[in-house]
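Here's a structure for you.
Read from first to last, the chains carry the letters A, B, C and D; within each, the first residue is number 1.
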Amino acid sequence: MRRPWSIGDPIAAFRTVRDRTEALAGPLGPEDRVDQSRPDASPATWQRAHPTWFFEEFLLAGSGCGSGYEPVDPSYRYLFNSYYEAVGDRQPRAARGLITRPTVDEVAAYRAAVDERVVALLAEGPGAGDGLRSTLELGLHHEEQHQELLLMDAAHLLAQHPARPAYDPAGPHPAPSPGGGDWLDHDGGTLTIGHDGAGFAFDNESPRHEVLLRPFRLRDRVVTCGEWLGFIEDGGYERADLWLSDGWAAVRDLGWTSPAYWRIVDGTWQVATLAGERPVRDDEPVAHVSYYEAEAFARWAGGRLPTEAEWEAVAASHWSVDAATADATQFEGAVWQWTSSAYLPYPGFRPAPGAVGESNGKFMVNQQVLRGGGCATPPGHSRPTYRNFFPAGARWAFSGLRLAADL
Amino acid sequence: MRRPWSIGDPIAAFRTVRDRTEALAGPLGPEDRVDQSRPDASPATWQRAHPTWFFEEFLLAGSGCGSGYEPVDPSYRYLFNSYYEAVGDRQPRAARGLITRPTVDEVAAYRAAVDERVVALLAEGPGAGDGLRSTLELGLHHEEQHQELLLMDAAHLLAQHPARPAYDPAGPHPAPSPGGGDWLDHDGGTLTIGHDGAGFAFDNESPRHEVLLRPFRLRDRVVTCGEWLGFIEDGGYERADLWLSDGWAAVRDLGWTSPAYWRIVDGTWQVATLAGERPVRDDEPVAHVSYYEAEAFARWAGGRLPTEAEWEAVAASHWSVDAATADATQFEGAVWQWTSSAYLPYPGFRPAPGAVGESNGKFMVNQQVLRGGGCATPPGHSRPTYRNFFPAGARWAFSGLRLAADL
Amino acid sequence: MRRPWSIGDPIAAFRTVRDRTEALAGPLGPEDRVDQSRPDASPATWQRAHPTWFFEEFLLAGSGCGSGYEPVDPSYRYLFNSYYEAVGDRQPRAARGLITRPTVDEVAAYRAAVDERVVALLAEGPGAGDGLRSTLELGLHHEEQHQELLLMDAAHLLAQHPARPAYDPAGPHPAPSPGGGDWLDHDGGTLTIGHDGAGFAFDNESPRHEVLLRPFRLRDRVVTCGEWLGFIEDGGYERADLWLSDGWAAVRDLGWTSPAYWRIVDGTWQVATLAGERPVRDDEPVAHVSYYEAEAFARWAGGRLPTEAEWEAVAASHWSVDAATADATQFEGAVWQWTSSAYLPYPGFRPAPGAVGESNGKFMVNQQVLRGGGCATPPGHSRPTYRNFFPAGARWAFSGLRLAADL
Amino acid sequence: MRRPWSIGDPIAAFRTVRDRTEALAGPLGPEDRVDQSRPDASPATWQRAHPTWFFEEFLLAGSGCGSGYEPVDPSYRYLFNSYYEAVGDRQPRAARGLITRPTVDEVAAYRAAVDERVVALLAEGPGAGDGLRSTLELGLHHEEQHQELLLMDAAHLLAQHPARPAYDPAGPHPAPSPGGGDWLDHDGGTLTIGHDGAGFAFDNESPRHEVLLRPFRLRDRVVTCGEWLGFIEDGGYERADLWLSDGWAAVRDLGWTSPAYWRIVDGTWQVATLAGERPVRDDEPVAHVSYYEAEAFARWAGGRLPTEAEWEAVAASHWSVDAATADATQFEGAVWQWTSSAYLPYPGFRPAPGAVGESNGKFMVNQQVLRGGGCATPPGHSRPTYRNFFPAGARWAFSGLRLAADL
C-alpha cells in the first residue's frame, strides 16, 4: 500500500500521521484507554502521549530548540519515556496502566500543544537543517509503530473481556488470501539484503550486505485458518514431537489448544477481532500464533519457516502488488510472518548515536524476526527490508506464517 | 455520627444511599474508574455496579419479583457478582480491572434502571413483606461498605501515581485527635458483647454473648503521626525484636520504612491523602499501617493492642460523642483500629441461609479484627459492635490503632 | 504416654533425648538427610545439628560457660541458627537444603563434641544453678520438637518420591481409635486453662487464666478415615458452600481432592506413611488434613471444631488414659487436632527475656492452634495445655480433628 | 587434547568413559549427590543414573536386545529419562532433587548391572551391527556431556554454600592464557563450516554448508579476569548504555556486580572454584559470565563477539595446539566462548529419527551458541565444529568470551 504522506512536505506529513493516531484512538472510550491487559502492553493513553513526548524530547528539545526548551509538562518526561535509559528514569513498563492522569482530554491538549510547537518549528523552513528533517521522519515512523501497537493492544484488552466486545465494527482483520497456494521457487546464490538507503528505514535494516542462500521456495500466500484447523484436528496441540521444547512447555503450562483469541462457542470456532467476535473463516490468514506454534505447524506440514533473508529475497519482487491482480502474494498487509531467524544485528551494524539509538539494537536477543506487515500496520509503513521482532511466545500481534521448503 | 437515612422510610433511604455512591464517584474521571491497582482492589466502575447487581439478585430476583425476573443485562450477573459461589461463575477478582465495558455512562444507566425497579417495588407498600425490608436494609448497608471501599481503593490507585494526585481537594482525612492521651480504665469482669438486635447489624456481630475480661485500660485517643515518627526515629522499622516473624519478613521483603503513602520529599515526610499529598501532621491519627506495624508499635510503646472485646466494652459508652465535647475519644470516625483478635465466629454463630449468607462467615480465617470506623466510613454506618477485618499485612484501609495495657 | 526421662537426673535425661534423635535419624540414608522438600521443611541433617547448636548457644555459651566460650565450629552458628534474630544472621530457611556440608558424619562428631561438653558441665553438679537446669530442660523439650519435625519432614520428602518409599517398615502411624464415637458433654462455665506451673511448659501455655465457656460437647475420638471417605463421596471437595473462602481457593488452586499423601492406585485409596504406602483403613484417624479441610468437614458433618479452651477443658480429665481401657479418648497420641482458635497470646502473656524468648511469641499471627499430639510426637512430650500451631493450609503434620457441638 | 578412547575398541571405550564418570563423582559425598541447587541443575546421582538409563533405553532395549528387554529396575525409566517425550512420562526436571532413592550405592549397582549387559552385548562382536556401534558412540559422547554437567552443577551447588567448600583441592579451573593478546586476521569470503563426517559429531553440527564472511579478526586468547576487573572498575555493571535491554534488566533484578561465584572478602575479589575459594588472578580466563555480560564487555572494549562461523573459520586451524607452543590460542580447553549467533538449525538440518533425535533440535530457540570447550570438558570431547548452547542469562557453565572485530 502507498504511504499517505511524504517527508517532502513535512508539515502535511506531520499532520497526517498525528491525525491518524487520534482517529485510531477514537473508537476507544476513556475507560478503554487506561487499561493495561499485559505487563508488556501499553494503554491507548500512553500510545498517544509517548510519541508526543518523543517529538518533544528529540525534535523540540533535542535537535530543534536547544537546551533551554521548556516542556509542556515536566512530569511527562517521566511518565511517557518508554525505555531510553539515556533520558532518565521513567514509569515502569508494567505500571503504565496506573497512569490515569493526565486524562484523555489532557493528553489531547498535550498533543495539541506539541503539534503547535512542531509545526511552528517546521514552518521556519529549510534553516532548520537536515537533522531536523531526519528526526521528524524518524518520529513519524515511530508514531506509526505506536499506531499499530495501539490497535494490537486494544485487540488484546477487548479479547480479555468475557463478552469480547468490538473496537469498531469496521475494524481491520487479515484479508482472505488471493494466492492459489503455489510455490515460488528461488535459485539461491549470493544475494544482497538490507536497506539500500533510498527512503526511510530503521537502523536495524542496515548495513545492506551479501548473504548466501541455497535453492528454496516459498508459498505464494500465508497459512490460512482452514489449514490451521487441519493442524488442530490432526492433534497438532497434543503431539510433543512437533514442538520445540520451550514451545511444548508453553502448550502445557498455558493450555494452548488454538491460536489466541479463538474459542469454541456452541460448537463453532470463533475468533475475537477488532470488529468483534465472529466465526473463524477457512480462507482467512491465521493470526495470533506464536513462533512456537508457527514452527510446529511448519514441521507438521512437512515444510519449514523461511529465514529472513529468504523471505526478503522473494518479497522484494512481489511487494505491494495490488490484491486484485493474479500475482498477489500477501507478502504485505495480511499478517506479520514469523521467520526462523533470530533477531540479531546485521554484519557491521551500528546503532544511531545518542538516546535515539536505543530504539532497536538493544533488543537484539531472545526474539525472532517477523517480516511483512499486518492488517493493523499503517499504509505504506512497512517495506521488504522491514524487520519486526517479538519473543517466541508472543501471540498478541497479527502474527502468522508462510511456509518455506528446500529445493 | 448520625446515619442520614432510616429504614422506616424505605424509598428515601434507598435514594439517599444510592445518590451518595454517585456523589462519591463524582470526582473520579472515567480513566480513574476502571483501573485496578491491587489484585484485591476493585475499580470504581465495579464499586458502582456490584451493589446494583446485589439489589437485582437479592431484592428484585430473589425476594421481590420471583423466578421470572428479567435482568437489566444478563451479562452483568457474571461481571458484577463478587464472591457468591451459590449465584454462579463470575469475573475473577484480580481481573475486575479488565471490565472496561459497560462504560461509566452505561453503569449509570444500569443504576437508574435498577433504581426505578426497586422504587416501584418499594412503592407497592407493606404487601412486600418483612423479607423485602430486611433485604433492602442489608443491601443499603452493603452499598455503604462499597462506598468506603471506593474511597480506599481510589486512595490506593492515586497513591501509585508518581505525582500522587488528589481525588478531591476536599477529600476526607483522619481528623486530629481531641483526646488528651489519657487512659480509660476498665475493671474487667463478665460482660456481654455483640449486637443486641436493636437496629441493623451484620450477622458476624451475633450472637450477643458473655466474655470474661481482666482489668485493663485503653487510651482515649488513637495513636498519632507524631507518636509514629518517634517510632521511626527510634529505629522501629530496623529492630527485629519488636516484630512478629511474619511482620519482620514484610518489613524486609517489601522495604517498609514508614506507613503506606508516606514518603520523604525534600527532607520532609509527606503523606498521600484523598485531598492530595501534604506534610505529615504530628497531631493527626496515623493511618495506613498494617497489623504487623500496629503490633510492633504497641510493643515498642510498652503497651499492647486491645482485644475486640476490650475495645467494645469501652467503646460502648463513648461512642458518637461529638468531637467538640471534652469526652471525645475517637472511637469512631478517625481510623479503623487494629485489635489483637483474630476474625473468628462468635460462639453459636450461624451465617444467614442462602447466598446472602456468604458475605461474612466465609472469611473467618487469616484476618484480624478492626474496630471503630474511619474518615471514609459513611456517616452512621459503623457502631460499637461492628467487626471489620483485614489480613495482617493490609495497609490500604484507613487503619490505625489505639493502645491498651493491663491493669 | 509417660516421658522416658526426668529432669531430676539431668545427665541421664540429656543422654536419653540425644540418643533418641540419633535413633530416629537412623533409618534415613545420607541422601535422605540433606533434601528439603518444602521451603519450610528442614533436612534431617539440620534437625540433628540445630538442637545441638541450641545447647551450645544457650547452655554452653549462654548460661554455662560464659563469654569466652569457644564453639566447636564457628561456622555452625550461621548454618544452624533457626530464627533467632538476636543471635545474628543465619542461613535462609528456604536454603537449608543447600547445606551438604557438614556431612552426616561431621554432624555426628558435632553432636558428640557438644554432648561431651554438656555432660561435663552437668557433672559439675548443683553449683551450676537453677538457670542451667531450666535451660537444659528447655533444650530437651526443644530437641523433642525437632524429633517430631524430623519425622514429619521425612514423611513429606518420601511422599514426594514417585515410589513413596518407607522411612522404616515399623514407622509410626496414627492408631485406630478405641473410642465408640460417643459425645463427651461439658456444662461450660468459668474455667481455668493454661499451665499451672507444675513441670515443664512452653511460655505460650501461660499465664493460666479464666475463660468462660458455654455448654458444649466433644466426640470421644478423632475423625476417622472412614468418615472422611464419606465426606469425599458426598462431594466434600466439590461443594464451595462447605468451605471458607481461602480454603476453597486452596482446593481449586492446589487441586485437593483428598488428604495429603492419599492417592488412588488401581481403584483403591492408598496413603503414604512412614512405613510405606498402604491402603487407607476406615478405622484409622484421618491425618494430613489442613485447617481448611477440617473446618469444611466439621460443617459438612453438622458440627464444628472446638475452641482450644473447650478442648483443654475436656482433655484435662481424659489425658493419657491407656488405650486399652474403655475410657480411651484419643486426646493424645493419634493426631494433632485442629481447633477453631487462632494462635494468639494468652492474656498477660510475656515471652521469656533474651533470644530464647523468640521461640513462640513471634509466631502469634496467621496460624491456628492444634491440640493433642500425634503418632510422631515423642512419648510424654505433649500435655493437655500444649499449644501447637500451623498455618491454615499446612498438611504435612499428622493433623486431624475432633468434632465439637453446642449443647 | 586427545580423547582417551576410540570407538574402534568398543569395550575399552565403554569402560573408559564409564569409569571416568565414577571417578568424577568420587570427591562428592552422598550428601552432595542428591541436592539440586537450581531448577535446571541435576544432582550427581542423576548425572550417574541418566546416561546409564540412556544405554538401557537406546542400546539394550532399543537397538540391541529387542522388545523383550527386561530393565534392571522398571521405575528407573521414569526417574532417569531426561526429556524424551517419545519414551514417556518422567520425573519433572525441577524435582530431580527429590530423588533420594535409589541411593548412591544402588546407583552404583545399577551402573554395574547395565555395564555388564552392555559389555556382554558388545562382546557378541560384529554381528551386533553398525547400528549398535553408532548408538554406543552416541551414548559415550552423551555420557561425557553429563560428566561436564556433573562438574558444573557441583561447582554451582558448592558455590551456594556460605563457606564455598571445594569439590576437590585438585579440581579443574581455567588455565592462564599463553596467548599474547594479538589479533588473528581473516580475509572472510565463502567458507564451509559444519562437520565433515570424519569421526563423531552431534546432529546439530550438520549439514556442512557454505557461509559468506566479511573480513574480520579474533583475539588469540580469551578475555582474562584482569581485563574483566577493568570493566568492573570502569563502571561496566552500572552503565545501561553498554547493555542489551534484557541484560540490563538482569543486572538490576539479580544484582549482578561481577561474574558469578565472585565476591569481595576482606577487600579482595575471590572466586569460588572446584578447588575451593581463592583470589581472582589477572591472567586467568574469566568464566561464569552470561551472554549479556560477554556482549556488554565486548561493546565496552570496542569490539564485538564473533559469530559462530567466524569462530569456527579461525579455530579450525588453531585447534588443539599444545599449550606449550608459541601458537597456543586457547580455542579449546579454557572456557566455552559465547558467540553472537543464536542457536538455530543449519540449512538443511534434520534431526535423527526416533526418540534419540530429541536431543538437540528441540532446543533451537532462545539460546546462544558457545564454542570451544572448558576446563571441565572431558579430554577430546569437543571439536572445532562443536555447538554448545545456553540461555543468554546462564552463568553456571565455564563460560567466557573471545573478542572479535571487523577488518
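We take it that a residue touches a chain if its C-beta (ideal position, glycine included) is under 8 Å from a C-beta of that chain, and two chains touch if they have at least 3 such contacts.
Values in this document were obtained by computation on a predicted structure and should not be read as measured data.
Minimum number of contact steps separating subunit B from subunit D: 2.
Common neighbours of subunit B and subunit C (chains touching each): not present.
Subunit A and subunit D have centres, each the mean of its CA atoms, that are 37 Å apart.
In whole angstrom, the spacing between the mean C-alpha positions of subunit A and subunit C is 58. Centre-to-centre spacing of subunit A and subunit B amounts to 46 Å, using the average Cα coordinate of each chain.
In subunit A, no residue touches at least two other chains. The touching residues of subunit D, counted against subunit A in their complex, run 83, 85-86, 190, 209-212, 214, 240-241, 243-248, 291-292, 295, 340-342, 344-345, 347-348, 358, 362-366, 368, 392, 406. Across the interface of their complex, subunit C is touched by residues 29-35, 37, 45, 75, 78-79, 91, 95, 97-101, 103-104, 157-158, 160-163, 165 of subunit D.
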